[in-house]
Amino acid sequence: MSQAEIRVAVLGARGRMGTEAVSAVDGAEDMELVARLGRSDSLDLVRESGATHIVDLSVPDATEENVRFAVEHGIHAVVGTTGWDDERLGRLQALLAQHPDTGVLIAPNFALGSVLATAFAAKAARYFESAEIIELHHPDKVDAPSGTAARTAQLMGRARREAGVAPSPDATTQDPDGARGATVEDVHVHAVRLRGLVAHQEVLLGSAGEQLTLRHDSFDRASFMPGVLLGLRTVASRPGLTHGLDGYLDLGL
Amino acid sequence: MSQAEIRVAVLGARGRMGTEAVSAVDGAEDMELVARLGRSDSLDLVRESGATHIVDLSVPDATEENVRFAVEHGIHAVVGTTGWDDERLGRLQALLAQHPDTGVLIAPNFALGSVLATAFAAKAARYFESAEIIELHHPDKVDAPSGTAARTAQLMGRARREAGVAPSPDATTQDPDGARGATVEDVHVHAVRLRGLVAHQEVLLGSAGEQLTLRHDSFDRASFMPGVLLGLRTVASRPGLTHGLDGYLDLGL
Amino acid sequence: MSQAEIRVAVLGARGRMGTEAVSAVDGAEDMELVARLGRSDSLDLVRESGATHIVDLSVPDATEENVRFAVEHGIHAVVGTTGWDDERLGRLQALLAQHPDTGVLIAPNFALGSVLATAFAAKAARYFESAEIIELHHPDKVDAPSGTAARTAQLMGRARREAGVAPSPDATTQDPDGARGATVEDVHVHAVRLRGLVAHQEVLLGSAGEQLTLRHDSFDRASFMPGVLLGLRTVASRPGLTHGLDGYLDLGL
Amino acid sequence: MSQAEIRVAVLGARGRMGTEAVSAVDGAEDMELVARLGRSDSLDLVRESGATHIVDLSVPDATEENVRFAVEHGIHAVVGTTGWDDERLGRLQALLAQHPDTGVLIAPNFALGSVLATAFAAKAARYFESAEIIELHHPDKVDAPSGTAARTAQLMGRARREAGVAPSPDATTQDPDGARGATVEDVHVHAVRLRGLVAHQEVLLGSAGEQLTLRHDSFDRASFMPGVLLGLRTVASRPGLTHGLDGYLDLGL
């Protein structure tokens, strides 16, 4: 009786994302779920379970300790928790230098479609005269624009600037109520809030006679699981720190 | 050899819209193009041509005189020129009271699809929890939001208020750069400017579990001609003043 | 202590739709949930509960008996169960003739957005040269096109024919694999099946220079509840039989 | 007085594409239009004009001779004419082997947005459970599906097969009228024909809980010109034969 090569401990297993991850790992034929830890469980359980990988979906306060523990024991880590500022990342990279065979993926977004849409938007932005973003979310969201839209705009704006593309043309002289929305790195960003929606984003690129639209719809948290599984399957072959799931996608075109 | 019942004089015939109207009337089997007048032509040409209808696509300064002349001679008028404020409309209605068999249509918009989209949006607005508008135009437009979007938002907002519908829910507390756009009658309006586009509008209506989207695309001035022809075919059977092409559409549902 | 005027018994209360209806009625301030019946419960419970209204979400075999019982006791009925053929409808109308104060609504679709989209599509179809439908559903659906798309196409095709509109132009001479899709009443219908989707429909109307798009998205069964509540609030004021929720919407434009 | 380094002769200069190319080259600051040839003009005019580049937008019967002439004289060629089968391509490659400094770009499509959309679709296809294509064109088109849609489906289907992705799930058992459309390499392709449209394509990719949509709209032949100019600016630095404009785009992601 053979043992799965990917033996996974889920940390933050009782949260919303954690619950999904538990059942996704459990349903994957090439993986074995060996431990699920909540907030008060000791990290020793990870080692005792024989885990080769952890998925960390805990909380910002706990994630650094969780990942350090894993790396120190040669356990690969796939991390969806936020809170990794430059200082924390620096400490983690120093630690990884001492454990050259261990891989860590820190991904702010596990939805493959969203990661692809952002990568494509950044790549295409320099080939069009105009570029704008519309993000659409449920009306309980407190911030606008969304973090994903802001980051997409930054990548697009930077790519356009580096390629020497002029800012999008705009003859607007009268806009008393701000209908033209926010501007991030010279890219206009519009935020729609609509009951019934979850999380959606549309990148609009236009030149004389043509338009390219890249739209991503997140209907459900289930959309993150293929990305989590892809991370688990890949992280052991990518020692060191990878930031962003796009680093694992085969996007050479 | 029978004569067409609809004999049309086009005023403002050398402008961009006028040129389109001349060829649309010319191509309509049930109409006869009997005169085309430019800025410096005498209105007597209208009478001499035996016109039963005029299409006025001239300029704000000329349109009132043109229409008065038509009404005084019992000639029906389809008017696309702007500049009809309340004072002018009052004078026209007084004149029409003395010519009870003559019809005048003043239409700010002849694109059937746009007129239908606005009417549908106003009708549907009260049945949804959330309502927003995105309008998209070429980047040479100087004002935002577009007049059509502002008017659609007014009609939607008014319909919602009259039906006792609460404003669209919106938990936004952080929006430093104005990504949520303008607000017209409690309806958020977003203005996109993109090279390659002409004039487009999307009305988004959402409730728990569902979304209704009404989108209109104007690609070309040709889109106004079916509305002009519909106006010409209908105006004689609608004596008095009609404001807006929707008055001629069979929209009882 | 006052009693709600709308006291509702839900039949088929343990099914998926029934469960939603129970909590929707329970959450409505102007209604009181007085009974929830499953398959094996006696209809006498409806009378004993003091219900003024029933919502029938049972099964085709039971719905006629349920509704007859309600009408015979002067209880208004809102019915979402399928299986009402002409014979059953005839018997119901005969019964209602003897109970002139009682109202029954039989609605194949309670999603307000879907009902509105269909009504708008039927109304707009005659004003455009071309008309097609794309319906998009989850890939577990066994029939194509969807019943809603087929019915929308029928209404659109009929409206076009009655208005003397020619079939949509189509120069296609080579289409070896059937990319042009199905044709229902001269309206082309395309069926997309995509993991992640629920139930969506796009009506495309085009003329020279313009396009009108009417899109409805159903993300969740929750979308039916506003329609069920609207039915309950309206049915007592509409004695006799009403077929289709659109009969209760204020769609005069 | 300096001479532009890119001196362009346009072949097929009186056709619709040729006319656009003439004015695009004429308007480009870094190029000089040195000759425009029609069907009956001698190729000697190209040499006499001092052209460093040709744009060939002639006809399938003439294009091979035009390009041979250019290559034999060390003139770079950007070719939009169709008709380049394997036999012709083989002869051209043999010729280019003798002229190692000369570049030729043969591009079936010069719309940057369309080229990008196809490249992105091929790249993303393997990451989703379901994949379908909707192409939408004016109703005067005689073939369905469009060549671009068929090619996109082939690239997507091949990428999915190579990555071991199962065919898109589809439970359809009843589809009497063919609403599910054509199938190309296991990818369903739907063709819409609508007055008012030009050339549009939507690639739909779906997995549990998410959708990625890649849409390209061609409104006007003007959309080809940025691609033609990009070809002219790049071809001299890419000796030998390049097939497809995507070879010149920086798509490494």
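A, B, C and D are the chain letters, set down in written order, and residue numbers restart from 1 in every chain.
The rule is simple: a contact is a pair of C-beta atoms (placed from the backbone, for glycine too) under 8 Å apart; a residue touches a chain by one contact, two chains touch by 3 or more.
Molecules present, by chain and UniProt name: A, B, C, D = 4-hydroxy-tetrahydrodipicolinate reductase.
Please read these numbers as outputs of a predicted model, since none were measured by experiment.
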The chain pair with the larger count of contacting C-beta pairs, comparing B-C against C-D, is C-D
Could you find the chain whose CA centre sits the greatest distance from that of chain A?
B
Nearest whole angstrom, what separates the Cα centre of chain C from the Cα centre of chain D?
46
Hey, how far is the Cα centre of chain B from the one of chain C, in Å?
33
Multi-partner residues in chain A (2 or more other chains touched) are 128, 196, 205, 207-211, 217, 219, 223
Hey, how would you classify the chain contact layout here, line, ring, star, complete or other?
complete
Touching residues (chain side chain C, partner chain A) in the complex:
196, 198, 217, 219, 223
Flag every residue of chain C that touches chain B in the complex, lowest number first.
111-114, 116-117, 119-120, 123-124, 127-128, 205, 207-226, 246, 249-253
Taking the touch rule as given, give the residues of chain C at its contact with chain D in the complex, in rising order.
128-130, 132, 134-136, 139-145, 149, 168-184, 188-197, 204-211
